[in-house]
């Protein structure tokens, strides 16, 4: 079988899922979409082009524009990431929507469109196809969010759509500029783009990736989408932005200053993301903000990789690019997993606020255990994959201290301390998320009467957890595999890479020893000790209540001064000042300043502008006929005026 | 290798014992013998446990997992002239993250009990230590900058700082200060936390283990003592001149450890614990110290790799 | 950093102060000599029924029985001794702790030394487990704070119970024994129960002071709820009102099986 036939089969299967979803054949729809994604991903695994080569899969003309679909080393990596993510996302979506009835057909249709557009985005070898896929992705994900058609979901989806369109407009500008510069829409001809064009294109992609200050759509859109969609959006959709940025970076020689700026933006993105994740109390919003943090870490890896290229230190380039790519892959494993699991929680508890949850671990042991594994991964702790890629990004920056270049060293100081700070705050944020939602006593009735979900909702998260664990224990195999994709310009010397891989032997040894120690002590203790279950020690207090527990808000109180620099201070304390106050209320809210001050007004302005035309759509036949008449009259006048 | 294992087994509680003895003598008491923490540990190992009905598996695994992580981290640390059991380029990242794992589990175990005290302790513990990771990385970075070495054993040794340079003293002093403050925070000692306080509201680390009993509690105590010893050991290793005989190095190493424990006891006896809200500012010190050292190095262009 | 350790004091002042204070610890609390005025283990010789009954009437806690004197009830007020110096004498022996409630009911035959030698018994189990490390949790069950203060004082510079590996800990989960002071009021009954449940086995109950042992002056008070003691038997009784730190040191170290 040639890659071209395989591509054809994959595309046909993907498109076949569209009618299947329309007819409501959920099984067939899911299966054909999964198979299609699988076929496309298999092409990248089996025949990924080596070096700077391109594997053309299809080429045809659309009107006067030539359209080309194909693979490079970069798109191969992202294609594998996306198709694997789509397969698992579709499978979980199938399980998640069991029992839902309303609007499922259209949801399936747009889900299939989303899968198609994700694949087309990385397969596109020319700007036209890319832009088409980009727009399709925006629209299909907009509709895929809208399973629940209540007011907040509408609002969030509209916000998202406007945001995506703004990004697309920037991207289109960039494409037009590139066309003017190179006279071609094919990416192969785009080598040596002028910097300014490349920046515009990168900004367009940054909208989707969620880089600061274009990040504010993530925490708005993700919580409202059904969990499998938010998982896919967070894990996969944002990665197309990373893909685009990397692709553009490969097309031109970025000036040194711009790389510093890019690194700074990445660091600000990571810090903003992680502090909001620390401040939020809604599980899905925490996860969405953490996506922003992870995008920042990926960006930091990319920035240092290119800085290393600029300084001619191949080791830094190699580590940086590997770190960024590996973190992209890892993030697309643990983030969807956590989103799927938070969907399980929402499904059972009808609540996403960690201040109103608690004690879920005992009620939902499997979901909770998987969530713990996911928290380890997302906090970048050893044993799970998040650590390996964060480790690589750290190594990239630390490698920078071997080079003596003042500017670069200072960038490395800022990057290093920033990244370390982000990592430790992430530890804080995810200890908080898991600890408050799943441990302790249930804080509300809703949380108290939760039952474990059906088994079908554990399958995909457990697969993802397994992959995370494998990625954490056998990171070197993953790296060797990734290394096989890289072209010569990224490789550096083999010695660097061998040295990198050599670290993993002792690293694994330490982990195995840790596990050994743990099992030894744990099992010894379980055998020897007799346990007696009593209530938690509360100093003999007679009426302890679950409300006395620390909440998500009080948990972060000690770091509030620092947190407020990023999230803004929004607290209202209201009480009557008598000795025995009868009324007392305290609200603390984290709001994104960028969103509130900058983005929201713009979005609202666009919204209002569009509202001006809302009256046009009245829904009455007479009015539409009148429009037709008016149009005819206008044409008539135009013709007459033109004649004379 | 055997010596390393012996150090890991023997040092931590002796270190704590010396600290406690120093404190006892400062306050005019006779105090418990220096091996008392060991006796306490074995007593705990022989006891049964009371666990809260609120807790889940996290609480159950917390002690063993924290201790396992710290023990594994201990294998990355050099003792005296004995290099680390396992060392590889970039092992300091793993060292720090194993510490992080131990902390993560301990904090979750505290939240698992649902006690307001323990939640408070967990929150404080987490917020105090957020600055430590950057500080540690900056210390490591400045040593990498000077020496170009790659493993913790190579980095944290005096010979990386060129003794001939007039800046070596400054760099060494700043490194030691930064590491010592990390020791105070990680070991939850005064002025960040008072390990002997009996008032739950003022505790930080101690309050997180209020519900642990028996072996689970023993594991936690061991993990905490070991954590402190590891930082002390880094300092000792850093301060030993590299060109001495094995006997002299060992003697010096043990001497520096004892001096540190005594100094720690003295600090605890004469300093009051600072106000809780001031703590984050104090934790900022090692970070700025490390930053200062590194910036000085880079601006002056010292070091040659 | 604005905070100052101690105004105007340098580290040298502190060291000087430390040296000036010198060594205040009692070298060996078990061999300590108490003051002549210290009312320790009482002894008595019954003279005649009339004076005995008179003394019995005057005893505020009813510690004087038919032919006995109950150390567990005695508040060491000395009324009986002042009125009938020939019958009652208080030695200055502080070694009054006992392992069984019955031992506290003196029949007047045992000399202080003999009493001290046999009153507190230990078991091999306790000696093995707690011989060198013993952690206490104190429960102030409605006491007047005198016994609590004395318990506190046993950890101070002079008595330094710490040197035997004994500590008062912050959580019952970390403790091996519960020390009750005070007569156990209704309001403290639940807290006491909870504390006892929170201590991991094997655990020990210690009663310190007349109130804890017998209810003392409040024995008849309706506000007491001493059901707890019916369920759990204490294995160390430390009499006194309040209990003297030396009594505490002696009783507990003897229980731990350390040299007497």
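By letter and in written order, the chains are A, B and C; residue numbering begins at 1 in each of them.
Rule of thumb we're sticking to: a residue touches a chain if its C-beta (ideal position, glycine included) is under 8 Å from a C-beta of that chain, and two chains touch if they have at least 3 such contacts.
Treat the numbers as computed from the prediction; the structure is a model and nothing was measured.
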Innermost chain, where centres are averages of C-alpha coordinates: B
Farthest chain (mean CA position) relative to subunit C: A
CA centroid of subunit A to CA centroid of subunit B, Å: 36
Between subunit B and subunit C, centroid-to-centroid distance (C-alpha), Å: 40
Subunit A-subunit C separation of Cα centroids, rounded to whole Å: 66
Interface hub residues of subunit C, defined as touching at least two other chains: 171, 173, 197-198, 200-201
Sequence positions of subunit B contacting 2 or more other chains: 47-50, 200, 210-211, 214
Two or more partner chains touched - positions in subunit A: 530, 532, 534-535, 537-539
Touching residues on subunit B, where the partner in the complex is subunit A: 47-58, 60-61, 63-65, 67-69, 71-72, 75-76, 86-91, 93-94, 97-98, 100-101, 103-104, 107-108, 111-116, 119-120, 122-124, 126-134, 136-138, 140-142, 144-145, 148, 200, 210-211, 214-216, 219, 276-277, 279-280, 287, 291, 294-295, 298-299, 301, 303, 305
List of subunit A residues in touch with subunit C within their complex: 530, 532, 534-535, 537-542
List of subunit C residues in touch with subunit A within their complex: 139, 171-173, 190-192, 194-195, 197-198, 200-201
Residue ranges of subunit C in contact with subunit B within the complex: 1, 3, 5, 11, 14, 18, 21-25, 129-130, 132-133, 135, 156-157, 160, 162-165, 168-171, 173-174, 176, 197-202
Partner subunit C, residues of subunit B touching it in the complex: 24, 26-33, 36, 39-40, 42-43, 46-50, 197-200, 203, 206, 210-214, 217, 270-272, 274-275, 278, 281-282
